[in-house]
Structures are given as structure tokens and as C-alpha cells.
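See the structures that follow.
After this come two complexes, each holding chain A, first together with chain B and then together with chain C.
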Partner chain A sequence: MLSNPMFLAMAVLNGLSIAMVLFIIAAGLTLILGVLRILNFAHAAFFMLGGYVAWQVAEGWLEDVPGALWLGAIAAGLVLAVLAAIIERTMLRHLYGREEYYQLLFTFALVLLLNDAVKAIWGTDILTISHPDMLRGAADLGITFYPRYRLFLCVVGVVVAVALWLLVTKTRWGRTVRAARMDREMLSTLGVDVAKVYASVFILGVALAGVGGALAAADRSLYPGMDADIIVRTFIIVIIGGLGSLWGAFLGALILGMITSFGTVLVPEFELVLIYLLMIAVLLVRPWGLLGKEDVK
Partner chain B sequence: MMNTLPKSAAIAVAAALVGGAPGAIAQEEPIKVGVLLPTTGGCATAGTRALEGHNAYVNMINERGGLLGRQVETIHRDSQCNPAVATAAARDLVTKDGVSFLIGGVSSSEALAISEVAEQQKVIYMAGIPKTVQLTNEENIHPYVFRAADNTNSEGKSAAILADRLGWDTVCTILLDYSYGHDLGKAFQEHLAQIRPDAEIVTQVWPAASTDDYTPFITQLLGSECDGVFSGVWAGVFPNFAKQASAFGFFDRFQFVSAGALGSTKFLEAMDDEMPLGIWGNSVEVFYYPQNEAHKAYLEEIEKLIGERPDGFHATGWVAMQFIDEAVQKAGSVEADDVSDALKGLTIDAMVGPLTMRASDQQANRGTFWGQISASNMEGYDAPLMNPVEYIPADDIMD
Partner chain C sequence: MSAARTSLLVGVLMTAVFAAVPFFFGDYGVYLGAEILIYILFALAFNLMLGQGGLVSFGHAAYFAIASYAVAILLTTYSWPLLPAFVVAVALSCAAAVVIGALCVRLTAIYFAMLTLAFSQLVWAIAFKWNAVTGGDEGFVGVSVPQYLAEPTGFFYFALAIVAVCAVLLWLITHSAFGRILRATKENPRRAEFLGINVRRIRLVTFVISGTFTGVAGALFAIFNRAVFVESAWWTKSAEVLVMTILGGVGSFFGPALGATVLILLDRLITEFTQYWPTVLAIILIAVLFFLPNGLIGAFRRGRSTGAGDA
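The block that comes next holds the complex of A and B.
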């Protein structure tokens, strides 16, 4: 079937769109991991919550209002940013520099809390958000036709990647963040409010997960516990790409997306196994990830 | 229940004092029915509705004066769609609450767990929803387990009948990769080979039960040459599949016949204008067909209780209790062995028409309604419905 150029193109686009949604989550995760050194197990739960907030706005309150999804995505970003600020200021900051298992326990507790909150507020039924009108149906790309909304998600992924890269490399905030990553004490001696830098990184990462969740929700379904599968895939991406590396996460997401897409067509029984095999191979050959740095502590 | 006990005790004492019939005590003791349905967790929607259907039927019994002159009391336990929880709750219901009957289970694993307790405790168990053929196969059958629900054989084989009628010579399938999907696929394929030997299955895709991105599977089907697609993407996960597939024009390209209750009323009301039209779905009950007395009585009772149109799941709770009700009347007793004998071969006048509990394997010949999902042609009702709709009986296709 892959000898047919139309379906080859479709399979590539499938892989790309799967990759870009996962990248948006992985980008925030790897940012938080790189700077705060916090393994945020709850990252996909934030992604899920973003989806539910968007559902509430787009389907619950503003059904049939044009552009409701975009308002939902903005709301998801804002709600998650506020939530992140509260969590960071009241709880998370006490865990910086502590043993990893404290962080794991804490973020795992967040996963349970967020899932229960979602169940209590929205129930256990599967919810979905409609595609926005302007992105309904398929676009003709010449070689093949492909759903507009998924093309849109691909574009969002690339925009997020470039924007984050510019933010981290070209702005003053980005320079401070990079410095904080290398030597927190030195930065603090230089008079920079490191606590604020940390808080801003956490808030940005979580808000990104929220917006990603909102946009992805219009192409998939929402149900409590949906984060479990996503967090595993996101961690695989970050491990393959290299802990803390933005472009590593991008590359990792692309690899995982393509394996998912082509694996489903070519070796349906082994699609999941392939992903884990790849991770094991990377860990054996380059334990610090494809684009990671060897000295990551 | 706590309020009625002292009252009945007082009446019993009074009856004894005036030298009344000793039977007075028995008459006042309610018949207890233990219901194990999940009202929390992933199957809560099905469980909650089935419980409402059950309650509506019990209300009707009590209003008409009870069963064998005794009121019927329901004791519900949340089985959480979890076999371990269901086992513990079923034991409690029998040993602590002293129920005479067990009804319930949504998932097949719950049903198998409850059936085991029923066998140990010698209490009748009536399964209203679970479809697994394992429940009453040779290995697992015992005198106390009965199934009022349809099974995966009748569902898959009904779909094969439709595929034959639609003239499919090349067939694709999309079935979820767990027991329900595999059982359906097996039944569909077997029956199609029998009634349309020349038909060929050209592509089969098996998304995981938890998949929320069907796109790779959708594109694979789009790359296949088939006249129609048989699907087991059931109502709970269908919205997501439909959204992704519609974007590819999937439903314009293929004829599509799906198991998994896509014709169910509440589901279609929730989907509304997102529902792809022209596909074939099924439901265990629809409010607009057939127009018989039993169905009308059912619709009235349910609306009295919940104030709206019922869903297919309501019907499952109702029919399970109806079998118990009529078997107890026939037996004139609530003893498990008497009721078990009465149930075997019992025919009830159900909302779908007559239903018979086969003596051989203790399963009802429950068929389902199938139809093409179409825009509503009913005044005052906007959601899609199945039109034309028909009942495909299960007698010849449930094995």
C-alpha cells in the first residue's frame, strides 16, 4: 500500500500530526526538566485539564459560537497558568534540589488529584469538541487530501518549536533561564531573582500543556485517565531526544510519530513494542539522548 | 428499608396477638433483589441507566400490589465495573442482606464474577447487559445463571446479514483489539462465510481499545478496495472516530455497518448534527418502534421516573427484572431452584415482542434493532434516528 504515493503521503502526514501534538507536551516537559530539574509526572494531566477547560468553554458555555475553540484554548492557557503559579509558589518550590523521589511522589499525587477533580467536575463520560468550522473537512494538497485540522496542528507544533527556541536563545529572559540551568548559585549571587525565573518556567511549561491539550482535544476525545498513555509517550520522546533539549524533543516526537504511523500499517502487532525497542536502543548507545548533552546531571 | 422493619414487626406482633394467620408475617416481608450495577467509573452511564430501568419496573410491580402479594425491595451496590468489587458486593448482598436474586453487571468480567457467587450461594443471577458468550457456555453454565441480554454472536451475525443484503463482495473491518472486538469479528466472519460464501475480507484493522487517534487505521482502510466496512467501534468511543473519519470523507466513500449501539437514542441525541448519516447502527431498544402495548407501558413507566425518553440501557434493566417477575409468578415461589425451573423455556411479552429464555443454555433469544441512521422525520424530534428500522431476531444467529 505504501507504494501508492497518495497513501505514503497520508502516512507521513499522520506521523507528523501525531508528532506535533506530542511535541507541544514534550516541549514544556523538557523545559521544566532542563531548568527546574523536576521530573513532572503530572505534565500530561495538565494537558488533559487544558482539554477539559476548553471543552467547558467551547461546548459547555459557548456551543455554536464561532471561534469558541480559540477562546477555549486561551482560557485553558490562563487557567493552567494560574494553577501552575499556585502549585509552584505553595508546594513545588520546596522540592527544588531535593531527592528525585520526593518530586516523583509529589507530581504523582498531582496526577491523582487532577484526575479526581476532572471526574468530579465533568464526570466519566467521553467528551469531544467539534472541529472549528473553518478547519472542517479535508484540504487538497495535490498529492493527497488531508484533514485541515490536523494540518493546522502540524503548523502549531512548528510555531511552538520556533517560538520557544527564539524565546530561549534571543531574549533576556531566555539567557537568564539558560544561566539558571547551568549555575543557580552564581546567578543568585549576581542579583537575579532565581525563584522568579523558576516560577516563570514552570508556569510557561504548564500553560503550554494546557493550550496543547485544548487544541488536541478538538481532534481526539477527553476522558479521565487519558493522561496515562500520553505521559508515557512524552517521557519516551524526552528520553530519546535528550533530557532538557528542545530540538531533541522535536526530533524524538517526529521519530515516535512516524513509528506510530508506519508501524500501524506495516507491523500492526508490534507497533507499541517498536517504540520501546527504540528507547532501549537509544539508552544503550547514547544514554543522554540523541541531542542531549552527556553531562546532564 | 430501616423504616419498614419496625412497622412490619409491629404488624406481626399485632397479628399474633389477635390470633391472625401466621402468613401475615410472610406477606409483609418484601422480596429483596440485589442489583450490582456500576454507578461510578468507566461504565457508570450504562449502569446508572440500567438501574433506572430496573427501578421503573419495580415501581410498576409495587403499584400493582407486589409480587406474590409481597412488595419488591431493591438493594443496589455499586460494582464499579470491577469484577473484584462485584464479587465482594454480590457476596454481601446474599449473606448479609439476604437477597433472593442478583441482577446486573455491565462488563463481561463482572458478569463472570457475579455468576460464580450465584453458583456458590445458589441464588438466581440474571445478566441484563453483558454480552460475552462465555457466561453461559458449557464450561461456565450452572442452574442459577441466566442472560436476558443479546450476545456478541447475534450482534456480529446480524451485521453479516446486513452486509449480505447490501451486496458486499469485498469487506473491510475495523474492530477494537479486546475480547468484544474479537468475538464480534469471529461471529461476523463465520456468518458471512455461510450466507455469502464469495464475499472476501480484504483488510482488517485492530485499533487498541484505548486508541484515541484512529487516523492511521482510517487511512489504511481508505487505501483498501472494499464495498463496505464492518465496525465494532462502539458508541462510547465512536464520536472521536467519527470526527477523524469524517474529515477524510470516510463515510461518503464506504458503506458502514457498526455494532455497538450507535442507534441508541441518548447517543444519537448527544451526537446530534455531528452524527454521520447513512451508516447502519443498532440498539437494544428505540422509543419509536415497535408500537405494541408492552413497549408503550415501558415508555410510560420510565418517563414517569426519569422525566425523559429512555435509552437502550434502560431497557436492559427493565427486561432483566421482567424475566424474574414473570418466573416468580409462574413458580409461585422465590426459591432459587423453583425459579430456575420456571425460567427455563419461559416466554415473556417484552417491549420488543415475545422473548424466550432458552432452556438449553439459559439465554434469552434477544435480538436487536438495526437501521440506517437518518435525519429525523418525526415532528418535534430533531436528533437522528434509525430509519428504516427493523428487529433482527436472534433465534438462528445466537450460537
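The block that comes next holds the complex of A and C.
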């Protein structure tokens, strides 16, 4: 099968589009993990909620309005940002530095709450969002045709990666964030409001998951509980890449996307097993991940 | 000595209360009681790692599911008698804990939790895909159970006896010299190393003991439920036992037993009134996290000690 160029191109493109959507979630997760040291089990639930908010705007309120999906994505980002700010200010900040299982339990409680909220507001039926007009149909890539919207998702993933990289390396905010990751106390002695830095990282990460969920919702169906599988895949990506490493998450997403895409076609029985074996192998050989830095702590 | 006496009293009292259940409640009460007993054992076994060893396993579903599937397959597919099937099933969980534990104890904190999660998801993936043996996503339904265990009261007393014996064993381990060393490795692993303690080995032994008793709970559950579903290896199962343990109280031996009891009873009770049990559970969890750091049992103790202070 691999000798067929059309099949190969399709598999690579499928892998890429799976990878880039997962990367958008993983990027926020790894940022939060790297700086706040919080293992956020609710991250994929935020992604799911973003999808539902976008559905509400694009299909519920503004059906047949061109470009409604973009408004939906913006709305998803805003709603999730506000939600994240409330959660961080009222509850999460009290859990920094506490035992891991407190954070696990708290974010697990968020998973339960978000899933119930989705069920209460939108019901348990499967919902879908139609593609925006300009991205409908398939594009001719020479060797194969491929859905325009998926190509668009790939581009979004790369744009998010570069934008986040610029944000973290080239801006004043990014420098503060990197400093907070290294030495929180020192930073606070220097007069930086570390609480604000933490809050901003959490809000950015969650809003990103929301926007990602909104854009991905046009390519997949929405249903309560869809987050349970995604969160595991996202964790795998973050682990493979290295906790806190942006490009690590990018690489991890690519690896996972390709295994998923090629695995489901070539070795459908072993695709899942392969993914978990990879996670185990990385944790045993390089627990800090492929692109992460060895952590003294 | 007084701690031992209090525990003995609590243990005997709990056993007596459970033993009386079939006399006062109908079949549903007996059914519920048996389920609670199994989860009490699961939570007690889990807390040996979390409460005593400070080891956050996020993959205990694996040892539960392995013994569940093993006992179901041996009893049904191979028509083994109960005793060898049960023993071999638990031994398989134990063996899995030896191999997985040996690899996991090389890591700490988040990495340890993530590796235990990865292994349990691997077990899930195998159970999910190995249709011919496990029934895949349809589950393994129709476990053959000896006649005396097919009857609810019979199974109830069988479970009560096994859980009581296991609880005594776990209590003895917790309060032995080994238990003290384990707590030392939790409080200050470095200092423990300096004292000549092989921290990794202590953690591995704890991992194996915990995994084995979890296997006992898993094997019981398969006989109880007469079916094993692939969800029993999914990560939310591991979250469930973590929730029970913390709800009851990590720092006390009986805390997790209380947590398991309260969680299952509340689940059944609240589900009668609303489909939003997860929301109620989440609110309870958040309340416990912020207001009852020592769990329900901590609240109970605090109440009691203030009472004593007043008197």
C-alpha cells in the first residue's frame, strides 16, 4: 500500500491534520504544565466546550450567515478565557504547589462539571458544524484531492506554533513566563506579580483549547464525553515531547498523528497499543521527553 | 496499642454491620453491600500506595481489570474451579504489578503517575482489541459462577470474608516495621536513603502488595457482576478509586473505606433524583479539597476532638 503515492499522500495528510488539531490542545496543556506545574485533566473538556460554544454561534444563532464559524471561534476563545479566569482566581490558585493528587482531583471535578454542563445545555445528541463556504470541498494537490478544511487546520496548527514561539521567546510577557518556570520566588522578589503571570498562562492555554475546539468542531462531531479519549492522546503528546516544551509538543503531535493515520490503515489491531508503548518507552528512556530539558526537581 | 484497639473495634464493628445487612435489607441492599465491600478493598489497597507511600498511581484500573478478565476467562472459557481460577487471576495481577512497578518506581511525582497511566491504558488497549479472548468493546458477558456464589447472599458473605481478611492483612502491613519504613520514604526519601533504606525496593514491594490486593478486588468484581467490561481498565476507573480515597481521607487507614461507602451510596441515592450525579460529585470533591483536607474521616475526627475538648 505504501508504494501507492496517492495512498501515501492521503495518509500523511490525515496524520498531519490529526496532529495539528491535537497540537493546539497540547500546546496549551504543556504551557500550563511547564509554568504552573498543574496536570490539567480538564484541558480536553475545555476543547470540547469550545466546540459547543462555536456550534451555538455558528449553527444555533447565526445559521446561514457566511463566516459564522469564525465568529463562533472568537466567541469560544472569549467564553473560555472568562471561564478560565474565574476558575483560576477562585479555586485553582489555591492549589499551586500542593500534592499532585489535589490537582488531579480538582481538574477531574472540572471534567465532570463541564461534561454535565454540555449535556444540560446541548443535550446528548451528536452535533456537527458545516464548513465555511470558502473552505468547502476538496483541493487538487496534484497527486490527490484533499478536503480544504483539513488543509486549513494544518495551517492553523503551524501558525499557532509559530505565534506561541514568538510570544514566549520574543516578548516581555514571554520572558516573564520563562523566568516563572525557572524560579518563581526569585521572580517575585524582583517585583513581578507572579500570580498575574500564572493567571495569564492559564487563561491563554484554556482559550487556545477553546478556539482549537471551535475550529476542530467543523471537522468532527461533538458529543458529551468526547474529551476522555482526547485528553489521553494529549497527555501522550506532552509526555513524548517533554513537559513544558512547545516544539516538543509539536513533534509529539506529529509522531502521534502519523502513528494514528498509518497505524489505523496498516496495523489496525495494534495502533492503540503502539501509541501507549511509545509513551512508556519515552518515559523509561527519557522521562523528560524528546525535546524537554532534564529537570533537576 | 490503643491505636490497634481502636482499629480492631472499628474493624469488628464494620464487619458486624455488614454481616447484618442481609437480615435487614432485601436483595438490592445485599447487592449494593457486596459492591461496596469490593470497592472498600480496592480503595484500601490503593491507599497503601497513596496514603502510606505518597505514591500517586493513576493506573490502578490495570490490576483490577487484569484479575477481573482472568477470573472471568478461567471460570468461563476454561471451566476452571473457583479456587484455582481466583488464585491464578490474583497472581496475574501480582505479576503485572511486579513488572510494571519495577519500571515505574524508577520515576517520581508526575512522571510516576503518567507511567502508571500509560501502562493501564496499554492494558485497556489490549483488552479492547483482543476480541477473541476478552470480548473487546462488547465486554465479557456471562461469567460462569459456582451455584453458591450465584445467589446474592452467598456471594455477599463470600466477599465479606475475603475483604475482611484482606483488610486485616493490609492493616498489619501498614502498622508493621515495613509500614513505618514506607512512611519514612514518603516523608523524606533522601533521608531514608541515607539511613540505608533502598527506597526503590520499598516502593516496588508496596506497588506489588497494592496491585495484588487490587487484583483480589477485581476478581471479586467479575464474579459479582458476572461480566467484565473494557471500561474497567479505562483511566476513569483509576480516577474513581482516587476520588474514593481522597473523599474518605488519605491519612487514615479506614478513610478510604468510608470514602468508598459514601461515594457508592450517594451515587445510587442521587441518581434516583437527578441525572446530574457527576455535578453533585464534582461539588463534593471541590468542597473536600478546599474545606476538608483530611477527608470525611478528618472532619469526623475533628468534630470528635473538639467535643472532647469541650468536655
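The rule we apply is simple: the second predicted complex is superposed on the first by the 295 of 297 C-alpha atoms of A that agree within 3 Å, B and C clash if a C-alpha of one lies under 4 Å from a C-alpha of the other, contacts with A are read in each partner's own complex, and residues count from 1 in each chain.
Rule of thumb we're sticking to: a contact is a pair of C-beta atoms (placed from the backbone, for glycine too) under 8 Å apart; a residue touches a chain by one contact, two chains touch by 3 or more.
Everything quoted here is computed from the prediction, not taken from an experiment.
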| item | value |
| --- | --- |
| Touching partner for A:Met279 - first (chain B), second (chain C), both, neither | second |
| Chain B versus chain C as contact partner of A:Gly157, first or second or both or neither | neither |
| First, second, both or neither for A:Met10, with chain B first and chain C second | first |
| Which of chain B and chain C A:Gly50 touches, first, second, both or neither | neither |
| First (chain B), second (chain C), both or neither touched by A:Gly244 | neither |
| First (chain B), second (chain C), both or neither touched by A:Tyr102 | second |
| Set of chain A residues, in rising order, touched by both chain B and chain C | none |
| Residues of chain A that touch chain C when the two form their complex | 33, 37, 39, 41, 91, 94-95, 99-102, 104-106, 108-110, 112-113, 115-116, 119-120, 228, 232, 235-236, 239, 243, 269-270, 272-273, 275-277, 279-280, 283-284, 287 |
| Chain A partner contacts - residues on chain B that touch it in the complex | 40-42, 44-45, 205-206, 210, 212-213, 215-217, 219-220, 222-224, 236-237, 239-240, 243-244, 246-249, 274 |
| Residue ranges of chain C in contact with chain A within the complex | 50, 56, 58, 103, 106-107, 109-111, 113-115, 117-119, 121-122, 125-126, 128-129, 234-236, 239, 242-243, 246, 250, 275-276, 278-279, 281-283, 285-286, 289-290 |
| In the complex, chain A residues that touch chain B | 1, 4, 7, 10-11, 14, 17-18, 123-126, 128, 130-131, 136-138, 145, 147-150, 219-221, 223, 226, 229, 260-261, 264-265, 268 |
